[in-house]
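Every chain is named by a letter (A, B, C and D) in the order it is written, and numbering of its residues begins at 1.
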């Protein structure tokens, strides 16, 4: 990882990082921090446009008879798709609300993956941890009667415990037996998914007399309050996510535990030498990572109208989170921005699907392209003829080394 | 592409809301008792005032070759009859987080009739239907949720019961099988009815036909864990039943019956499949044509079509929460097609009688609880 | 390991890690043996029989069966497993710890099946055949992974390569016939292999990022094309299915014939690839050079081997294997493309690669363990044991975790795995 | 016929590693290249061998220009190189390593193992380089590994052979053997480039000496007409003091005592076997030995990083056998680890972060779970000044420092807190002469302050110069104890090979 951990600038005599750097937290210079991602985004949009045109079956069928109209249709298709994508993400209060709402669990799960990377662990298990965390939160939601200001924190605490245990289990297995976390977290995803499917059919969750695998409606006292009113879904989960960003930032760079996490991540040998308990740290990192995923899961159970939990609430967030963490270079602020970007893409993608008939799958392609271009700056430079920055590509992850 | 049409949609929408046509109210709505196979709704194109329609799938997606696909087919059938305005919108969900925005998008796009596909959308539908009383709603696999919502529920096990009886009468090995995608009610209702139908056969005939893949008592059985037919697990699940000697199999869930067909063909056994939802002989690829003993019909497409057509003809069926069953013709058993000659006339008659008996409620058996939302 | 007798009791003597492991596993096995004895043995009513059928409908020899008394059978197994545990507790012959575990695992499965089938019967050979079939994609995935990792490139994009391979195979097969389909699948796999190599070698993109990019690209593009093209032009999603080829004579052997000799050529291809790559890796020039690049690329470079070329070549070959596996998924099962039809199996392949210790034969073994646990799960599902189906679904994943944690433990990947080779 | 380099210039991002260097070697000639660490010797040879492409300059071999950037081309042109860091695949057998790149095959690509073994045996018999072709490289001692490297070069029939610091890993008797081999090569008519920074060796074996400093060639010398101190001055650019000046030790109480220790290595082999030793306050005990004889595991066991299988370790009378590294740290044990990049430093961390790497969790660097970076930074700045670390800012990553300065960061961190025992492993490996002098002086200073010091080094000269007592370790045991002031290097060298010595 070439990102230098930011020892607090005010504590070091020299002029610290610029304001832009402190805000974005991603790079050595503001220019690089913003220029590269913007160019990557532009490039991804361009490639996406080509894909929309190439897959426009109707236009291609028209090509034989009226090539001009066909090409016109293709460009029109791209224009409408992107217009709607943008409008769906930012064009209205609803759009902004949807962007922020979608970004909420993405940021949390992205942080989960990122903190793993910082500590040299590859947590592919955000999905499973969301499952367990979300289920724990749901249990508290249904079985405890408390006023809102206690009920919500307690449910989220349960999500922290549930997700944390599920993540910590993978950490413990790694620390004690060397079982690689990539394997165990993938397997734990499947196990958690089936467990939730089963659990939702038990009387602990299901409506009396129902046989549908979904929970009974969550009481109002545990529903995450919305921010802009009930017709907009964005809720205080967003503040929790942003709070988590700052907390993880503090944890990683200002606390002894974070120092240990990063040390273990960069150099297990040096951590052992420095007297850190590597096994405990690995378990702890996975616990924290799982806890973050668990909170992400709870925002999808406590914060998703109509507040009834069904078996697929984590959706694809756990996998998007990997991309997100990579895009944010495993840095909390980077994750925040990437989470908002992905939230906008997904929220806008829904509108695009409806208005332009372009399948949401295009968003997945664009995510891939953005990550690729950011990870391979040289590619972008070659296209835009930006001058060479002289830095090598980042190595964000470590291989399989135990 | 299909992009420049949003203007048309909204135009059509405003047209219809401005001039609600109240003349042809009753006819189409009352005609609910036809067998789902026979599509005879269309009288004349002119009778409908096309309604802007929007279709929201659950997270299985529109190409699930199951209820989402059937429902979407219903919308398109209604389009063909002129009940649906040009370019109906389909919004595919990939997770539960999509339901609400999709419904909101439908409303924003000026939809007059919104079809929500699957019980997972029930709460969302209830909420938005209450807030938008002017819009008509149809929900698949769930009961009515308000005056403006048509609930399409199905007592599918009635058809499955008869199919189970038929299978028990047809098996040469004395073993019949069934499996599902995952153990959720819309799936297991088939398995349950089927197993009870076999038991009924045993009781009536003093026979000892075994069902594998469903345990009536435990309400659990053989599942593939996926609705993706290409997962090798699916074919293996079927094969594991063939290995036990089952020769007539009822797989329930999307296209997870296809790998079973190939397995039967590959093994060269005298086996048969029972289809679900739409008559498999028409819905499934030709190479499996000879395998379908029958299909347990679940008229989602036709019910959706009717619901929209009722709306388009000015007589919305909203508020109805009637359960589709044999009696009202939403459930049925498809013709035997290739097996016509092989099903003994006597057995065919018994099955026919059972269908009647169930419809009339003269057979005493424990029905599966539908919906229960 | 015993110490030289040491009279000085001031001297600490501690257990070696293997000794500790032997003790833990010994204790676990004793507990397991007791459980088998009590649950699967005494838990069965006396007098019941369990019948394991050994013939399929397609077999030449019919009616073979193996009948056991599950009570006695499981009690004996319980004793054997506990005995193995006791032997482990003595900390002797440490090299047999894994073998003891493997034997105990198989015995546990047998006892469990006998218990589940008490008073009933089921097709053992069918289960074994399923085991093979269910392992195929996993093994292809694992082979892809190890082709790449043996030269130092981590491939986390196996899932995407399988998926894209399946898509290409289905579409091209629908349009131009089966041969074009299979070749097209392989070609698209190669293309994605090249992309991985290009990103990670030419641009030194973090290999895990490159793999994630491939997964997203493949999922997004195939789903997009499926939604926008295949749904419009359905004939592009209707390929001809590839039939099984029954190998004369060999397929007539009881049990083994059904297990191994009545499959599509993909399955035969899988076995050929496993053994071919295994022997190739360890006994051929290609293998020696590949391994040297994965272990110590600079040493390979100084021996005049073009590290980048070797990496490109193997990663592309790996992609081709995934493409072939994708073609199996798309053409040999139901012959259609479904969105996200791989559903995570590529990651299981990745796990199998690690679990199989980066050895092709290990990958096969890992794939078979996975397949076996899925096949057992299916058998149990139709035996009405009362175990919820959701828990049965978990079995393969739980087994994988237990095996990886208990048997495999710390493995040693190729030393240069995941590390870009930078010359200047 | 000769090998000629003209005007080679090679730049790295921040370093001009070779600056217009020219050099020639004739057939049957041994040219020694001298230079400090970081002078650019390896870089020059890597250019020659095709690992790096130079920015300027050319190489002509026997009249033909060399194509850059391809080891294959260099090999074909008749070059061979024994690298400073061996280019052997540890998990391959000797034979596999030797034939890599020119594998004898049966035509379809399967390796002819018999032929491979025969090739190895042939060369090893002809040049008297005993190796077992079937042994795994990771299992054989470094000296033998070097033989494998030489066989690799010979099997390719290299006409010009480069040895990059070949003697660094050899014991004195092995060095003599090695010189015999080199002279043999010369008689064969091969040209040899021999890189080292050991002055005595150069004078003994070379026909001609070239000195490199800061990437530039600073002149040639005739071995018959030069002195060690003259060469040293050429190398460093100023007169240097080659001996460590210190007073005789005044040992006091026993601080460290190791009793019948057995330790396993990563592969479960007993690499420390029934080893006992003791170190007293106010003395420096040196452990000499060829790398890989259990020194690493011994140090790790003492410092708590590796469990002991049997035996006892006591520090100041406390049984610390089961102690963790942190407990050892609390007890007042300083540890300069063998591999600074692997375990002494977190290379991605800043200098300040590395300065508190093993005390971050405690007052004054943190309160509770909160790090106090202000205090840590101030402390780091003080240490950087006091220990003469050449760094502009303490928030720069430690990886931007040169090797010597990285080592000084560790020394500063470990020596700054009051300790009673110092375990220093390879304290000056890969460090420039200036820094060596400084680190040695610091170690002696600590001794004089009454600390007990254990120094482990594979550089015999260093052990001899620093220690008050020398223990020789061979195959996990202490095989001899010597007084460095009265013993010859040859005697100790023999003990390092396991022969001779005065067993206690």
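Rule of thumb we're sticking to: a residue touches a chain if its C-beta (ideal position, glycine included) is under 8 Å from a C-beta of that chain, and two chains touch if they have at least 3 such contacts.
Keep in mind that what you see is a predicted model, and the values were worked out from it rather than measured.
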item	value
Most widely separated chain from subunit B, with each centre as the mean of CA atoms	D
Separation of mean Cα positions, subunit B and subunit A [Å, integer]	37
Centroid spacing, where centroids are CA-atom means, of subunit A and subunit D in whole angstrom	46
Of all residues in subunit B, the ones touching two or more other chains	92, 182-183, 225
For subunit C, residues that touch 2 or more chains besides their own	227, 339, 388, 390, 393
Set of subunit D residues in contact with two or more other chains	none
Which chain pairs touch, all of them	A-B, A-C, A-D, B-C, C-D
Residues of subunit C that touch subunit B when the two form their complex	53, 56-58, 121-123, 125-127, 129-130, 133-134, 136-137, 166, 226-227, 231, 238, 241, 243-244, 329-330, 333-334, 336-341, 343, 345, 374-375, 378-379, 381-382, 384, 386, 388-390, 393
Partner subunit A, residues of subunit D touching it in the complex	13, 303-305, 324-329, 335, 337, 339, 342-350, 352-353, 357-358, 360-361, 366, 369-371, 373-374, 377, 381, 393-395, 397
Contact set on subunit A toward subunit C in their complex	51, 55-58, 122, 124, 173, 176-180, 182-184, 186-191, 194-195, 197-198, 322-323, 326, 358-359, 361-369, 371-372, 375-376, 378-379, 392-402
Touch list for subunit D against partner subunit C, complex	49, 51-53, 69-72, 75-76, 81, 83, 86-92, 96-97, 99-103, 105, 109-111, 113, 152, 259-260, 262, 264, 268, 274, 307-312, 321-322
Complex contact set, residues of subunit C against subunit A	149, 154, 199, 203-210, 212-217, 219-221, 223-225, 227-229, 232-233, 339, 344, 347-348, 350-351, 354-355, 388, 390-391, 393-394, 397-398, 400-401, 404-406, 408-411, 413, 417-420, 422
